[in-house]
Structure formats: C-alpha cells, structure tokens
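Lettered A, B, C, D, E and F in written order, each chain numbered from 1.
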Amino acid sequence: MPYVNIKITRDGATKEQKAELIKGATDLLERVLSKAPASTYVVIDEVDPENWGAGGVSVKELRR
Amino acid sequence: MPYVNIKITRDGATKEQKAELIKGATDLLERVLSKAPASTYVVIDEVDPENWGAGGVSVKELRR
Amino acid sequence: MPYVNIKITRDGATKEQKAELIKGATDLLERVLSKAPASTYVVIDEVDPENWGAGGVSVKELRR
Amino acid sequence: MPYVNIKITRDGATKEQKAELIKGATDLLERVLSKAPASTYVVIDEVDPENWGAGGVSVKELRR
Amino acid sequence: MPYVNIKITRDGATKEQKAELIKGATDLLERVLSKAPASTYVVIDEVDPENWGAGGVSVKELRR
Amino acid sequence: MPYVNIKITRDGATKEQKAELIKGATDLLERVLSKAPASTYVVIDEVDPENWGAGGVSVKELRR
C-alpha cells in the first residue's frame, strides 16, 4: 500500500511527463518490493519556483 | 496538538464539505484521544486529477 | 482516493485508539464526500514530544 | 541534507517575505546543526484559508 | 531539485531494496524531466502496519 | 497558524539542538510574517541515513 509524493518545481511538466512519473514510480515499487500496482498512490506537487529554496535562495532567484 | 492533512482530488468539494471535514477530523481527535479541539490543525490539499496516480495511471485517465 | 495523515505526539495511543482513528477518518471521507472506504489510506505518525514544538518550545518542555 | 516545509495560509506573503523565510530556515539549519546551506531545501506551501482548520472551523470562518 | 517521499509499511525492506528505491526514483526524475541526479532527494518512511489504514482498518488487522 | 516540518538525517541531534530548531523556526515566522508564536507548530523528523537518498545513493553510503 505504498504512497509516493513527488515534489518538483512548476516548470511546465506536461501531462505525458506526469503520467510517466506515475507509471515509473508504481513500477519501481512493484519491481523492488512486489507491491501490487493497484495499491500504489502517487501524488505530484508542482511548486512555484518562488516557493522552493535551495542554498538559501529561491529557485526563481537562482535561475535569474 | 494534532495535525491532520487530508489529500483529495480536486473535484469540486464545496466550502461546506470542507468545513465538515475540518469539523469531523477535529471531533475525531477529541473523541478518541481527548485532544482539545483548539489545538488541532487540519489542512486540506486538493490535488489535480492529472497529478494523482493509482494503479500506475492518473485519476484523470482512470475516469475517461 | 483520499490520503489522510494524522500526526500526534507519541503518548501511548493504544492499538484500539489508532484503529478508531483509521475507522473514523475513513468514515468521515465516505460521509462527506462519498469516497469509497476501500480507496482511503490513513497514515498515523507518532512524534516524540521532544520533536514537536508549539509556542516556540517542545511539547516535552511544555509538559514539565 | 535537510528538507524544510513551511505551511502558511495564503494571505499575500510577498516574494521578499518568502525569500526571507527561505534564507532564515537555511541559516537556522547551518547555525544549529552546521548543515551546508547548499544542501538545504525549503518548500513553502500557501494554503487557502478555506482549506486550513483550527479549533474545528476554517481559518476563513475564524476571521469573519 | 526534486524531493521524493516514499511511504511503505515496515515489513523488512532490506538495505539493498531501499538503495534500489533511491536509485530508481532518482533515475526516474532524470529520465522523465532531465533532473540532475545530484539534486534529487529521496526520503523513505517505513510505517508500522498498526499505523497504516486502508478500507477503514489497519494493515496489521487486514493481514490477520 | 503556521506548520513547519524539518527533516534531517538521524545523526545525534541533541535535545538542546532540537529545542533551538523549534525556537528558531517559530521566531522566523514571527519576524517575517508576524505570526503569533503560540500558533506555530514545528515537527522535526529524524530520518535514518539508510532511508535518505541524495544523488541516487543513500546518505549512509555517501558517508562511507
């Protein structure tokens, strides 16, 4: 009954890419721990670059 | 001092329904563990169906 | 497909009390949003009072 | 390699204030635990007042 | 700068299996979104079966 | 009503250091956003180095 949460910056990930993340994470849990795919939930959070910090500054600032 | 996080897909839950979730979760902690209602925080996250996966596909896809 | 996370301080909640929290949160989602009980996951985190702060001090300190 | 998540109600925190939260949390981890700033991630979640409950009612309701 | 959190029930996942989850999640983010592996954090939470509920009962109870 | 979650590897942070993190995070929210200290919750999670990955390997492995 795994639950996977993937947080990424909101940068235009497409519906197809998000579908691949969901499929890939579910497959990973099945391959490594034999978890039934039906029981795996995946939640993707897309975070505004202004709200994600690394090294003490926001990703928005980092990319300027 | 409980903290409750409820994640649901974003499907048009109304303000009244969300108020019921907040009230219900707070009451639950009071009833079962005698937690003072004033000390319970509840945060509801509404997740885009495209960003929630189950069984390896997004909920958006599941519902097609 | 709700996911509920309940964080409480580790204070000796019994197996029965935790079962009531699981049942109660699942019922709440069914009652308010008609979510199928089978699709609701509940995860309870019991946090060391030394690791939970409120008002700027740990709950362990608060209780002294 | 710390990860800090700050949840606040969505109340018009400015870009500058969020930058201060990121800087402050990163500094805190460096000062207290000597964590390299480059290794600290900070994610700020701004939660709709309708989706945040305290004392059994939403913050939106509390503020009326 | 992705952050991935994997929650599983505590069921004796080995060090090697957990290393595979870390490697697999990091590879997934690189393959799908070209995220630099060095920037991906993965945190695995192993949850007591007594603290994880599905369908209104704990996983511990489900398995009896 | 802020909620702050700090995740660090379990490396022997002392009770005093954790108290400083709680105090520091609470002060930060007061200083930047004028949040009343009494309303800020801080939860510290100490994660086994075997369960935290960066760059595709566990922190435990990274430190060997």
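By our rule, a residue touches a chain if its C-beta (ideal position, glycine included) is under 8 Å from a C-beta of that chain, and two chains touch if they have at least 3 such contacts.
Fair warning: this is a prediction, and the values are worked out from it, not measured in the lab.
For the pair chain D and chain F, chains touching both partners: B, E.
Judged by contacting C-beta pairs, the busier of the interfaces A-E and C-E is A-E. Ranked by how far their CA centres sit from the centre of chain B, the chains are topped by F. Superposing the C-alpha atoms of chain C onto chain D requires a rotation of 180 degrees, rounded to the nearest 5. For chain A, the chain with the farthest CA centroid is C.
Between chain B and chain D, the centres computed from C-alpha atoms are 20 Å apart. Inter-chain spacing, taken between the CA centroids of chain A and chain C, is 24 Å. Those residues of chain B in touch with two or more other chains are numbered 1, 3, 7, 21, 25, 41, 43, 52, 54. Judged by the touch criterion defined above, the protein chains form a pattern that is neither an open path, a ring nor a star, and not fully connected either.
Contact between chains, using the touch rule, shows up for A-B, A-C, A-D, A-E, B-C, B-D, B-F, C-E, C-F, D-E, D-F, E-F.
By the touch rule above, chain B contacts chain F in their complex via residues 1, 3, 41, 43. The touching residues of chain A, counted against chain B in their complex, run 15, 18-19, 21-23, 25-27, 37-38, 40-46.
Of all residues in chain F, those touching chain E in their complex are 7, 47, 50-58, 60-61. Across the complex, chain D meets chain F through its residues 1-9, 13, 17, 20-21, 24-25, 28-29, 31-33, 35, 39, 52, 54, 59.
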